[in-house]
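For clarity, chains are labelled A, B, C and D in written order, and residue numbers in each chain start from 1.
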Amino acid sequence: MKITKVQVIVHCPARNFVTVKVHSDQGVYGLGDATLNGRELAVSKYIEEYLTPSLIGKSPFDTEDIWQFFYKGVYWRRGAVNMTAIGAIDIALWDLKAKLLNVPLYQLLGGKSRNKILTYCHGHGTSFEDTIEKVLEKKEAGYEAIRVQSGIPGLDKIYGMNTKKGAKYEPAIAAETPFEEEWDTSKYLNHVPRLFEKVREAVGDEVHLLHDGHHRLTPIEAARLGKELEPFHLFWLEDLVAGEMQESFRLIRNHTTTPLALGEVFNTMFDCKTLLEEELIDHLRMAVSHGGGITPMKKIAALAELHHVKISPHGPSDISPIGIAAALHLVTAINNFGVHEYMGYEEQTLEAFPHAFKWEKGYLHLDETPGLGVDINMDLVDKYPYKKAFLPVNRLTDGTMFHW
Amino acid sequence: MKITKVQVIVHCPARNFVTVKVHSDQGVYGLGDATLNGRELAVSKYIEEYLTPSLIGKSPFDTEDIWQFFYKGVYWRRGAVNMTAIGAIDIALWDLKAKLLNVPLYQLLGGKSRNKILTYCHGHGTSFEDTIEKVLEKKEAGYEAIRVQSGIPGLDKIYGMNTKKGAKYEPAIAAETPFEEEWDTSKYLNHVPRLFEKVREAVGDEVHLLHDGHHRLTPIEAARLGKELEPFHLFWLEDLVAGEMQESFRLIRNHTTTPLALGEVFNTMFDCKTLLEEELIDHLRMAVSHGGGITPMKKIAALAELHHVKISPHGPSDISPIGIAAALHLVTAINNFGVHEYMGYEEQTLEAFPHAFKWEKGYLHLDETPGLGVDINMDLVDKYPYKKAFLPVNRLTDGTMFHW
Amino acid sequence: MKITKVQVIVHCPARNFVTVKVHSDQGVYGLGDATLNGRELAVSKYIEEYLTPSLIGKSPFDTEDIWQFFYKGVYWRRGAVNMTAIGAIDIALWDLKAKLLNVPLYQLLGGKSRNKILTYCHGHGTSFEDTIEKVLEKKEAGYEAIRVQSGIPGLDKIYGMNTKKGAKYEPAIAAETPFEEEWDTSKYLNHVPRLFEKVREAVGDEVHLLHDGHHRLTPIEAARLGKELEPFHLFWLEDLVAGEMQESFRLIRNHTTTPLALGEVFNTMFDCKTLLEEELIDHLRMAVSHGGGITPMKKIAALAELHHVKISPHGPSDISPIGIAAALHLVTAINNFGVHEYMGYEEQTLEAFPHAFKWEKGYLHLDETPGLGVDINMDLVDKYPYKKAFLPVNRLTDGTMFHW
Amino acid sequence: MKITKVQVIVHCPARNFVTVKVHSDQGVYGLGDATLNGRELAVSKYIEEYLTPSLIGKSPFDTEDIWQFFYKGVYWRRGAVNMTAIGAIDIALWDLKAKLLNVPLYQLLGGKSRNKILTYCHGHGTSFEDTIEKVLEKKEAGYEAIRVQSGIPGLDKIYGMNTKKGAKYEPAIAAETPFEEEWDTSKYLNHVPRLFEKVREAVGDEVHLLHDGHHRLTPIEAARLGKELEPFHLFWLEDLVAGEMQESFRLIRNHTTTPLALGEVFNTMFDCKTLLEEELIDHLRMAVSHGGGITPMKKIAALAELHHVKISPHGPSDISPIGIAAALHLVTAINNFGVHEYMGYEEQTLEAFPHAFKWEKGYLHLDETPGLGVDINMDLVDKYPYKKAFLPVNRLTDGTMFHW
């Protein structure tokens, strides 16, 4: 059994995606998600030029050896471009293996650990009132967990606020250079506790409320926010502080019992090793694709399990249905699952990626389709060509470059 | 797909083994090793009475859920009897899954990470000269790694010395009560460096030399031994100190660069968590069966990989060919393998467990047989009934109960 | 003076018990409790097959040597099956020694450190109102310390709620497989502070209120609960987090001054060493039988005393009157006693184990009866044969296996 | 003053280089080195597509803001592809600024802290004798510091050994897939101390001897090597252990006083923060280009200075003369410089990059040329087009994927 061909497909069905298709001599193929929002072509070039020639002739079953070959073999290890490239191939190989054995992927990862997968959605509004309305709509729609973000008086262009009327929220914006947002941490810190006081009052105790700080606080600011939100019993506070220096989370952890989530920008176990081993967070949010694939994510989930940390995958629109399916199969099989982010997709995306998973009443559901249960509609690839788009950047009101 | 029946077989083909046979409604069965040397019937009773009824009707693919059901469900967690029982079932389920999918087990664990599996054997003699002779014989036979133990002047009955002429070394002795050996740490500490000076001189640098302290030293004694053996470049010093208190290894680690091995009596990740996370050992020696099966050992191997620790499974005569095969499939699939202990088996044992793995020129080799590649000869079960046998106990020369 | 015979008695006077009877050549016997709820036959087999032959001919006074013989001699140390077996024998030997010397056991352990032993009972209700009623009844009955648990809206089958009308609460349920309960931590965390606000208001400050989390929280959830309960001055919060990883209690300890109790599933000093030496808990709840007997519990109590930790033994219905008596003699003799759990027994159990200790006005009292002061009615043994029963298991509402 | 155009030039004058040329509206340009050995096109694509449009119109003097814009703006931070891209632009901007001000770059970085820059070269041989001969040749040539590597008996294809007769050593090999080398740590560890005993004896005390372990040891193996090499007073032992987990260096540091060097694969301060703050190494070897440019390397040098660590830049053939010049200007201006690696270049490379720095008698020398003092010969770019080439990968002799 051998890998015979690898295709890297860059397309834009509503937004950009990079899809890897690994073919075997059995006439079966596997699919992987190599999308790195705002850096798509660096990853596709990386895979085409430097990874795929080494795959030809290898057995798709040798996922551990192939992963080590690419991880150790690059010499310049880690990093989002590199790990997303490796991750896409690893996902495709697991899809291929499961298809060759004619079982859904979760059967190779330990079988079913739960019947359905809890999701959270985004309930974002411009004002207190608008936010409450959006949250109540989502609750009505069946969501048991809702991320709450709102506009902040005095700041016009901020993260999480929809700028396109009538469309789903999409942070990446097609342009030649990144859009610049603005920020004032002081305004934010004063605003958020008031927001959650009102939202909790409006929705009651039965809904899980989440919030995302988007890496913009210092540890001591994060500690203040966590502490002030305690009465409202958040499910989690996410991405409070930029995560390059894991030890910084010790301070936050000492000050607040609000659960903490982190990790959507992480790429390897080394990015979260201290956070896990010192039990500084409660939810690890790595995407399977950006985290290097199923192979390392199984290992990371094991370390998280030891330390009371749940795997709660990143799942916005730039994770393609292939990437989402990889996460769904992983979290179906592990014991320490938390919650999965789910924004849904635009119509064109759904058409481009026919898939077996379904969302119903707040939960995602897998069926018995072999492999990941996601396909790519090759007829649409040329119809929706890549359009350069960027995530925004962020400046303080005095012009200082800041975390987005 | 359902589990329909579970058999627990206690037999004595040359020595006692407890074998678990899990049947499915597909007419295929899986085998697990539940042997706990000197406590066999406690484990077999435990499985029959308390575990197997819960398996009936479950899917053999749900290994993670079944493992969690037994681990969390007992309330009185951990412990060798409990974990060996769980481990045997987990191994049998993985064997069954691989047979149902018609692939060797390693294909479900990540594929092939190496072509062959390095083994070490026991080169034990009564005196310096006898030991050197035994080690040279083993080297001649093709072993690249040899554990060296020898008789200690002034101590008659000690661990590792063969008492049955013409038979393989077997520590368990059939009787109603345990055999009592004797010990003097001071004599041992003076003897071992002289032994290795002579053995290294005799065999040259090309052979890996190992030694087992069998849990009998204090940390400071272990530190002395490690330090004094440095010039002879041991592959490892094993089981220097009883492992219940992992922090005690910090002292040894500070004093010597001789590599350390530990873990044959460990049953869960919690038994080695500090050793791994603080990088206090170099080789983790857990048996797959005593460690609770393939499911937890994959997780433990992942934590070990992060921390530069190799998986080097325990493999004496009381690990049945089923248990050995479970380890061989595991270490074929992981990157961080060290060495596998291999003593071979008596003729009756080989007859009782027809198996596909083969030892050749210092290495064990798997082939493409689906599952573990080991069977049990049911015709011989009644021919070799269980005979109570014990591992020895140990006293200091003044009569003090001591570590065996 | 020699041990001449050992009997292991498995019987079911209202519930299963395993009782060990060690006979001496003086015509006197000692009794030990080997009950391990839901795993009784594994322990009885273990003792009969592997421990009792080694006792014959030994002096019952050599409790230290015999304990070390079994602890070090098993090679596969620790674990509930093993330690309960050793513990039952150790208790029986101490009972025997005290009877041979014609003194109550506490006289061999240091004499009387107090006149009576504070107990706590269970005040469990289905609703706020029902719980308050039950707590007030218990207060009325003389209890100065009451454990408060209650039904949680939206969860039907949970720990601590009585399912058998008119009978005492008994978690073990006779069946071929464990009963499955259900759980939702979020509902629990919202409910408990409201419960204690109402209960404290109803009973006033004079009653000690306790609560048991039954190992179901993560450290950060435990920290939140401890913090939110601070205004109600609990005597303790027990078993908040599964105890395999003792370091996890550091986080809870940083966040709350609510006293913490742990240890009913512990089997050796190694299970609580970090908790004690870092002073992470306030009460150690080990049962004498599950903790390996009087011999190790004296040592553990000594380490606890050094670190301001009190010994507050586990005492539900599955600890037989023999096990309770062992704990009562121990805590009579030590300085650092906290509180003893006491549920009382069904009529059949009382009949099976005639005993000298008495409960009165919130306290247990020992008298001058030599030894433990508990006997077994051998005439009833055949009347009440063993019936297989299990503690429940627990699943989250999405089907995930969870801590019971 | 504005940036008007950015060119990314991929060429192969003897080996592949990626060169960035940033033009200003003053008719002056700056040059940066974006070469990432074996991943060149991923970086060039990354810069062209995602970075250069954002530069147009910005002031070349705003290096801090531009660096933060790219570092914070990518969202998926760190990683060699990303940081090399940012680093090349930062170097080009500093070159441009210095040219605009008509001063050598070091004048903007703090002026001259030394007159000349100590270099080390590679003295590599196949055998003991050959290595000694090579080292003596280098000493003769004026080198005061020489890295010593040698062939290892029993291993054919290993790092550092020249495979092309008559050419300089070049690890990258032009092919469609990476070349596979082989490895055996045990043979290496036995060999190296003997090598240094002989080499030190041959060259005397006056020459600095260095050695590179190329990330292939575990911490305890590294500790052994460091300890055994102590009598030969190495200038440093480099890259003993893969650096993703900085804490692992504590063990090595505890065991040996041999100075340690690390960092050629590092990309940000976060990669060395623990190493520096805990003073676990003596020399930090980051390349200016791979470390994100002059802007972050100034900050990293500052932290290193605080902790007694010297900046000793990486300088093999894949660092172009532009990258080398960036390092030379940096280390001219800081106080805490150690030594600079210098292999020289093939004729075609020298022709492609006319440069002002000169090597003489063991030292590199800068002159007063404005900027970096390196140019690119644009006439040769098309003559030497990019040829795909890879660094090797490495397998153990049993086939296990290993660190290269």
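One rule holds in what follows: a residue touches a chain if its C-beta (ideal position, glycine included) is under 8 Å from a C-beta of that chain, and two chains touch if they have at least 3 such contacts.
All of these numbers come straight from a predicted model, not from anything done at the bench.
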Centroid comparison with chain D (C-alpha atoms), farthest chain: C
For chain A placed onto chain C, the superposition rotation in degrees, Cα atoms, nearest 5: 90
Copies chain B and chain D touch via same or different residues, half shared test: different
Between chain B and chain D, centroid-to-centroid distance (C-alpha), Å: 45
Separation of mean Cα positions, chain D and chain C [Å, integer]: 63
Chain B-chain C separation of Cα centroids, rounded to whole Å: 34
Per-residue overlap in chain D, given as positions that touch at least 2 other chains: 245, 401
Chain-level touch network, classified as line, ring, star, complete or other: other
Inter-chain touch pairs (all): A-B, A-C, A-D, B-C, B-D
Chain D-facing residues of chain A, complex: 36-39, 41-43, 45-46, 49-50, 53-54, 65, 68-69, 72-83, 176-178, 242, 244-245, 265, 267-268, 270, 273, 290, 388, 390-391, 393-394, 401-404
Chain C contact footprint on chain A (complex, rising order): 112-118, 205, 208, 230, 233, 235, 253-254, 257, 259-260, 279, 282, 306-308, 335, 337, 363
Residues of chain C defined as touching chain A within the complex: 186, 189-190, 218-221, 223-224, 227, 241, 245, 248, 251, 254-255, 396, 398-401
Touch list for chain A against partner chain B, complex: 59, 61-66, 68, 97, 101, 103, 107-113, 269, 273, 277, 295, 298-300, 302-303, 305-306, 333-335
